[in-house]
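Step one of this worksheet: look at the structure below.
Going in written order, the chains are labelled A, B, C, D, E and F, and every chain counts its residues from 1.
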Amino acid sequence: MILLIFIFILSAFLGFELIAKVPSQLHTPLMSGSNAISGITIVGALIAAGTEGGPVGTTLGVLAVIFATVNVVGGYLVTDRMLAMFKGKKK
Amino acid sequence: MPVFVPKEIESGETRVALVPEAVKRLVGLGAEVWIEAGLGASISISDRAYQEAGGQIAPDRQSALGSSDVILRVRKPPENEVSTLKSGCIHVSLLDAFHERDLVRALAAAGVTAIGLEMLPRITIAQKMDVLSSQASLAGYAAVIAAAGTIDRIFPMMMTPAGTLKPVRLFVIGVGVAGLQVIATARRLGARVEAFDTRPAVEEQVQSLGAKFVKVDLGETGQTAQGYARELTPEQLEKQREVMAQHCAKADIVITTAQVFGRKAPLIVTNPMVDQMQPGSVIVDMAVESGGNVECSLPDETVERNGVRVLGLRNLPGRVARHASEMYSNNLGSLLEHFWDKESKIFRIDLSDEILKHCVLTHDGKIVNETIEKLYSA
Amino acid sequence: MPALIDWSYIAAAILFILGLKLLGKQATARKGNLISAVGMLIAIVATLLVSGLHYQWIIVGLVIGSAIGAVAAQRVQMTAMPEMVALFNGAGGLASLLVGWVEYHNHPNQLLSAAIPTFLAILIGGVTLTGSVLAYAKLAEKVQSRPVLFPYQKMINAGLFLLVLLFGVIFCAHPAGSYPILLLLILLAFALGVLTVIPIGGADMPVVIALLNSYSGLAAAAAGFIIQNTVLIVAGCLVGASGIILTQIMCKAMNRSITNVLFAGFGASTSSAGVAVTGEAKAITPESAYFVLEAAAQVVLVPGYGMAVAQAQHVLRELADLLEANGAEVRYAIHPVAGRMPGHMNVLLAEADVPYEQLVEMDAINPTMATMDVAIVIGANDVVNPAAREDPGSPIYGMPIINVDEAGTVFVLKRSMASGFAGIENPLFFKANTRMLFGDAKASLQALVTEFKSS
Amino acid sequence: MPVFVPKEIESGETRVALVPEAVKRLVGLGAEVWIEAGLGASISISDRAYQEAGGQIAPDRQSALGSSDVILRVRKPPENEVSTLKSGCIHVSLLDAFHERDLVRALAAAGVTAIGLEMLPRITIAQKMDVLSSQASLAGYAAVIAAAGTIDRIFPMMMTPAGTLKPVRLFVIGVGVAGLQVIATARRLGARVEAFDTRPAVEEQVQSLGAKFVKVDLGETGQTAQGYARELTPEQLEKQREVMAQHCAKADIVITTAQVFGRKAPLIVTNPMVDQMQPGSVIVDMAVESGGNVECSLPDETVERNGVRVLGLRNLPGRVARHASEMYSNNLGSLLEHFWDKESKIFRIDLSDEILKHCVLTHDGKIVNETIEKLYSA
Amino acid sequence: MPALIDWSYIAAAILFILGLKLLGKQATARKGNLISAVGMLIAIVATLLVSGLHYQWIIVGLVIGSAIGAVAAQRVQMTAMPEMVALFNGAGGLASLLVGWVEYHNHPNQLLSAAIPTFLAILIGGVTLTGSVLAYAKLAEKVQSRPVLFPYQKMINAGLFLLVLLFGVIFCAHPAGSYPILLLLILLAFALGVLTVIPIGGADMPVVIALLNSYSGLAAAAAGFIIQNTVLIVAGCLVGASGIILTQIMCKAMNRSITNVLFAGFGASTSSAGVAVTGEAKAITPESAYFVLEAAAQVVLVPGYGMAVAQAQHVLRELADLLEANGAEVRYAIHPVAGRMPGHMNVLLAEADVPYEQLVEMDAINPTMATMDVAIVIGANDVVNPAAREDPGSPIYGMPIINVDEAGTVFVLKRSMASGFAGIENPLFFKANTRMLFGDAKASLQALVTEFKSS
Amino acid sequence: MILLIFIFILSAFLGFELIAKVPSQLHTPLMSGSNAISGITIVGALIAAGTEGGPVGTTLGVLAVIFATVNVVGGYLVTDRMLAMFKGKKK
């Protein structure tokens, strides 16, 4: 447990350090991109859905997988679309 | 309300009181503008251009002078024309009221409302009408160009295969509006500039143009509420000269602009000071018209003393007459517009107004300006 | 096999870190997104290798989710992106909530070290869900986007929050018998999400979404603690931390503080009154000013005598160049009486080689002032004094001025609250959209330039 | 080896071939330097100063001319003085060899080694001696100052309470050394500057001073190995004039400097072009001495045509004579030093040298410069 | 108790992170050091709470160590700091080695997961020890500081390294019976430390120390893996990673690459020959150039026609100002024929408002050129062409030039290897101390300015 | 173990991010300061010295403590002296 907390804290510092000054055009894509990363909860959802847990458990698990997948797939695609648009604009 | 602009008759005056753009502006206000034929000749503007702007060519100067409600010009009217003027008319020009007592009295007697533009207060709201400022600024530029045309050196520093040319050292005495423009123009051309003034506020202004201010401890000097300098005591002036002498001796060009409002300009650069300067140097005395800051300067002449050429240039703005006229007529336009009554389409004289209080000299047959009144009756 | 999974998680975490780093720079952002997507793929595949999983339901979930996500992402209008992100974010929050719920459902007899994260995952996930959905609705104008206010709002929110805490403590103390409390908590979390977002106006929604995004990361991290999964913790926490920083940056770009955003709704009644505030002048730091300038598309620079005194013309030019390089349109508005001699500003700006084309006269700039995002007043005072327009008693009443107060935001660079040549107070300094950047103009501009350069 | 510097006798020449600093340099090399009394008067330098630098005052011009081994001056010698010169002496000055055939032949006949400074090659190593460059550079400056003193406007843009003054538009035709300095000086003063030249390399140089280059497609133009322009064909010139006309019409000031080495200057601004310009504008023809770029220009006169003033200024460097003399004498000093034989303390003439090959015109009784030889015998 | 210890370790790690961050900024460096010291104290105290420790020997060790450390730190001359740091670093390396050894001694029957870190702790610790001591000796001139070279050096080192690897594998495979191998490894590590440092010259020692410092961090991290201690791993790894970055930064400040430093000794015979290299011109990036400029105290700027073409005078002025703000003395050296007209450079520099005082003539700058750390040549070519001095066959032979080649480092900013007006090759570009910064001069200067601003 | 590796990697990233551009005057102090941190091996040394392990083990342990302490104490003090000197110079 303590190791996990350690990991948590190191990640927090790293998160703070990584984002310093972001040009304003990137605010939305960055938000969207990091939102996609937060879809990592899919890992938990997969485990929840794949573990035997009765109808309720499984239903909840499957729902979790669905929503998490929406977050992941939608998130990455939308971010990519936004960023592709910037590229296009530049030219 | 007919407005009339006669040609300037003072010799050497190349400026024009109203350019076509300003005519258009006045016509836009509802005024009827007449000009004397050939008005713009000295700045290459044809009568045609005035007509296109809405002006009309007066058939004859005398009758136009006699029948107009507003007369606009640059220089003061000759005394012999005063009687021609319609009683009650408004006459706008530079007047030099401090010295032209007879003229002012004659104007009063003729019932003319005479506005002396040099009396305009130096306040923020009146700046758009302030011809002293606009003309002084151009004069500063013209003085530098004249000096550059006279001295046998170039202004900027140059490091060349044929050696390094040192930049000209220019020293400015008196840094009002004209002096500031002298600094700006000389710095543009690459000179090293030093400047001096008695008013303490000027130090910051000089530095704001990137030049060096010469500090002299003269004791109490200060300035009037209008921002003009006070006259120095003889001791202060002596002390000032001492320091000026050193800086003049080092300078290649000295430009003097020192004036004291309503008085003779202070004499700052004496003959012995000139004798200490390097032969080949140049002095421009911009105050030559009001008595001169330089002992040996003469109006409109180049005096050579000890190899130093002293230019006593009158009417410096007239050297850039086109721009000077544009600015002058914009100032007049702003003045008229400011006091224009849109309904009745007349120029309304309100002697309690902060601006008119100062610059209207005669009205209704009387001298109404307090300062002038006091001066004359003293 | 478990070792492979662990190493895969490490790889995924590294990819997330790199991806996030690259996402912060224009040139590499797209690559960053791709890298982080690869990380996600690795994490998912590795998870599927966990032994003993039943795949049938997983596959159903993945397929349905992918379909919804892909279609939504393809269909959405470019302009509706923020709304979409809000919805996705809500989905993520809901997923974390569900993970917490399932884990509890399957193992109600939790240790404290699992109960606390379960509580947090459900609370944060729930808030994220309803908050995001409401944010979406406000942005998409499905509900009114104005702040919604009602009496005792603050007290009700605080009460609700205390209630959540209370039930949370009870739940953590005895997880085993607390299923109803858990369900209650879910409802309370939903309510809390709605109540916190409802008083915030539509214009502030992007900031709210960024914050909720940070929350959903934290919810994922909490889920990670429940199932003791490193990659969940790392990725969730990265998002949580970087999201908070991003939220702050966005606030600054809008010249607001975060508390200002979150609680502005409560003060909305005050600021809507619209009376000119004559109170205190508000100072701003170069850093905050930078964020505003960075986002501005139309900037007007108004120099005055103070620019001359500070000899700031060269730095000013530099700042203007940087603003242009950043995509803004920049003009210098010259008031005819600015400075202490006719043409004072022209002389200095020419010295700094400002092209004549960029100099605009007062009469030309004033009609467009309302379209300016930012006006920067550099040591000018009298020439931007609205008293000339508004106060008939002022000695400069009637003088035309440069109407900077009509611009979106006004930065005034001067050393103090001192008056200018005319010696009169300037109400501009007290206007709601004015910020004072105190200090020597050259130093202040230099500071702004440095902010730009170091970005 | 006595070196002698006579006073310039051509009227209007204010420059001096050697200033005291350069005298010192030559004395340092071991030369014996004689000057004519009053040499520096035109630039306010006393004989005393020359003596302090190590020079000696020649008792009398004629005998000094006759007895010196090296003669230094600015302008070409009058033909009547050629016979006075000692056979075998070295005479250094501008000579205008392309046109002064009789003079050059006389010099050859007198056995004088005549160096024509205008023939110095324009290569990097010779730049320190290049009087054409140094004088042209000052001429460019002086031309702008003269234009500024003539036109009735100020150069810079000014936004003032009395309206906005537009900056002067200045158009430069021919951008060699002088033209570049014209651009630099005018830009300093705040003018908007456009420029044109036939050599393609100039475009970049114009832009390197922040001015705008006017592009005209004239077909093949190019430049000589020395960097000089080639003469245009009549068709090219016609085409050029067409474009120039448009730009002149928009300009307030036109300054022309176009030259073709060894030939008459091209006529570029014709009378109809002047007639299309705004009244009040100013033209400076810097090529007036070598035939003029402007049809109506006259040397040392101000011609007014259609309200346009056309200045045909000869000897522009002479207007900043002090600096011009300094540069000229530095050039001479470098030339002498370069070919000075330290042991024998003489100026060594080596006709195979890259530099001397070009600029020594006569030697040992013959015309030795190939170009000139060919030209004269053709 | 164990929980308290764990939380203390977390606190210590956080303090190390904050401390390191603050150490990197001038204003906060001292505070950073203090914070990290507090972290260390917490870590030590927490460790002492580990149950079952025997304190008597610990206290002896602590007292002796503190005394030595304190006295050494107080006594050392300011100028001898780097040597001292090297010794301390060696002590740290030795301590890690000993920790590995003790652990092995006490539990020779290690798992692979302990054996590998033990091997690494001993290897890295040993290299750090002897390398640091040798670095100390070289710096303190106790041994000759010149690179020491001998035949087959490269091969011997490589062989030794392979041997270490071989024994390492054997050791990790069967730790239990490998005590002799362990001892052998210690000796080999010592030898490796000596051999890697011995061919490096004294001037490069600071870089070597920075690298060894990074190593000692890694050794500590390895020790952390042996005893499964988080704070050791975190702190050690932080030092390891930041040390590598620092090493790179220092290399750049000396305009060397890290491989160049480490293997320069091997090539020393070549470069000592001192013959003008006519080979290839070496390009440099703005970033690397920045590091050199940042450390320079005397800088001369030499503009030429290219500055005019690029209209780079304003940015040049800006760079000069930044250099001055950074403490350097800056002068502009003007060659009389630079540009295309007499005074070309004067005109442009005056436009950029460079004060006349900073302009220096060629004759004045040349005698001081050898004292200049850096000469920046901005689009000049002919006027800095040493052929004018060295090559009697050159068309410009005899023309005085600005002798930038005598400065410590020369940066030449131009777009290509093209020649200038005179159309001749410039041997300056191929000199050992010259670096070409290719590109438009304005852009290159802008890049340098950006580097300065973002620091 | 895997958690420790995780921690190691996160720390490495953090270490890279923390040191970006350091003014050259700080190179030596920073080196010295981070060297002091690397004295963290003292934690290992303390445990080694405090654990029963026969005369050899204890001797090695005590030596480890001595050297690690030298590193820690000396390192922090020297760094502080250097940094104090900068402060003084600035004024």
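Note that in this section a residue touches a chain if its C-beta (ideal position, glycine included) is under 8 Å from a C-beta of that chain, and two chains touch if they have at least 3 such contacts.
If you're wondering where the values come from, they're calculated on a predicted model, not measured in any experiment.
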| item | value |
| --- | --- |
| Count of contact steps on the shortest path from chain C to chain F | 1 |
| Co-neighbours of chain D and chain A - touch as defined | C, E |
| Interface numbering overlap (same over half, different under half) for chain B and chain D | same |
| Chain at maximum distance from chain C, centres defined as averaged CA atoms | D |
| Relative to chain E, chain with the most remote C-alpha centre | B |
| Winner on C-beta contact pairs when A-E is weighed against B-E | B-E |
| Centroid spacing, where centroids are CA-atom means, of chain E and chain F in whole angstrom | 19 |
| Distance from chain E to chain D - Cα centre to Cα centre, in angstrom | 57 |
| Rounded Å distance, chain B centre to chain D centre (Cα mean) | 40 |
| Two or more partner chains touched - positions in chain D | 127-128, 133-134, 137, 156, 158, 160-163, 165, 188, 190, 210 |
| Touching two or more other chains - residues of chain C | 17, 230, 234, 336-337, 342-343, 347, 350-351, 353, 454-455 |
| In chain A, residues with contacts to at least two other chains | 3-4, 6-7, 10-11, 13-14, 18 |
| Overall pattern in which the protein chains touch one another (line/ring/star/complete/other) | other |
| Touching chain combinations (by label order) | A-C, A-E, A-F, B-C, B-D, B-E, C-D, C-E, C-F, D-E, E-F |
| Residue ranges of chain E touching chain B (in the complex, touch as defined) | 334-337, 342-343, 345-347, 350, 353, 356, 359, 361 |
| For the chain E and chain D complex, residues of the former touching the latter | 305, 308-309, 311, 336-337, 339-344, 347-348, 350-351, 382, 395-399, 421-422 |
| Chain F partner contacts - residues on chain A that touch it in the complex | 3-4, 6-7, 10-11, 13-14, 17-18 |
| Footprint of chain E on chain B - complex, ascending | 156-165, 167, 190, 192, 210 |
| Complex interface listing, chain E residues touching chain F | 16-17, 19-21, 23-26, 29-30, 32-34, 36-37, 39-40, 43-44, 47-48, 50, 52-55, 57-58, 60-62, 64-66, 68-70, 72-74, 76, 78, 81-82, 84-85, 87-89, 91-92, 94-96, 98-99, 101-103, 105-106, 113, 206, 209-210, 213, 216-217, 219-221, 223-246, 249-250, 253, 291, 294-295, 454-455 |
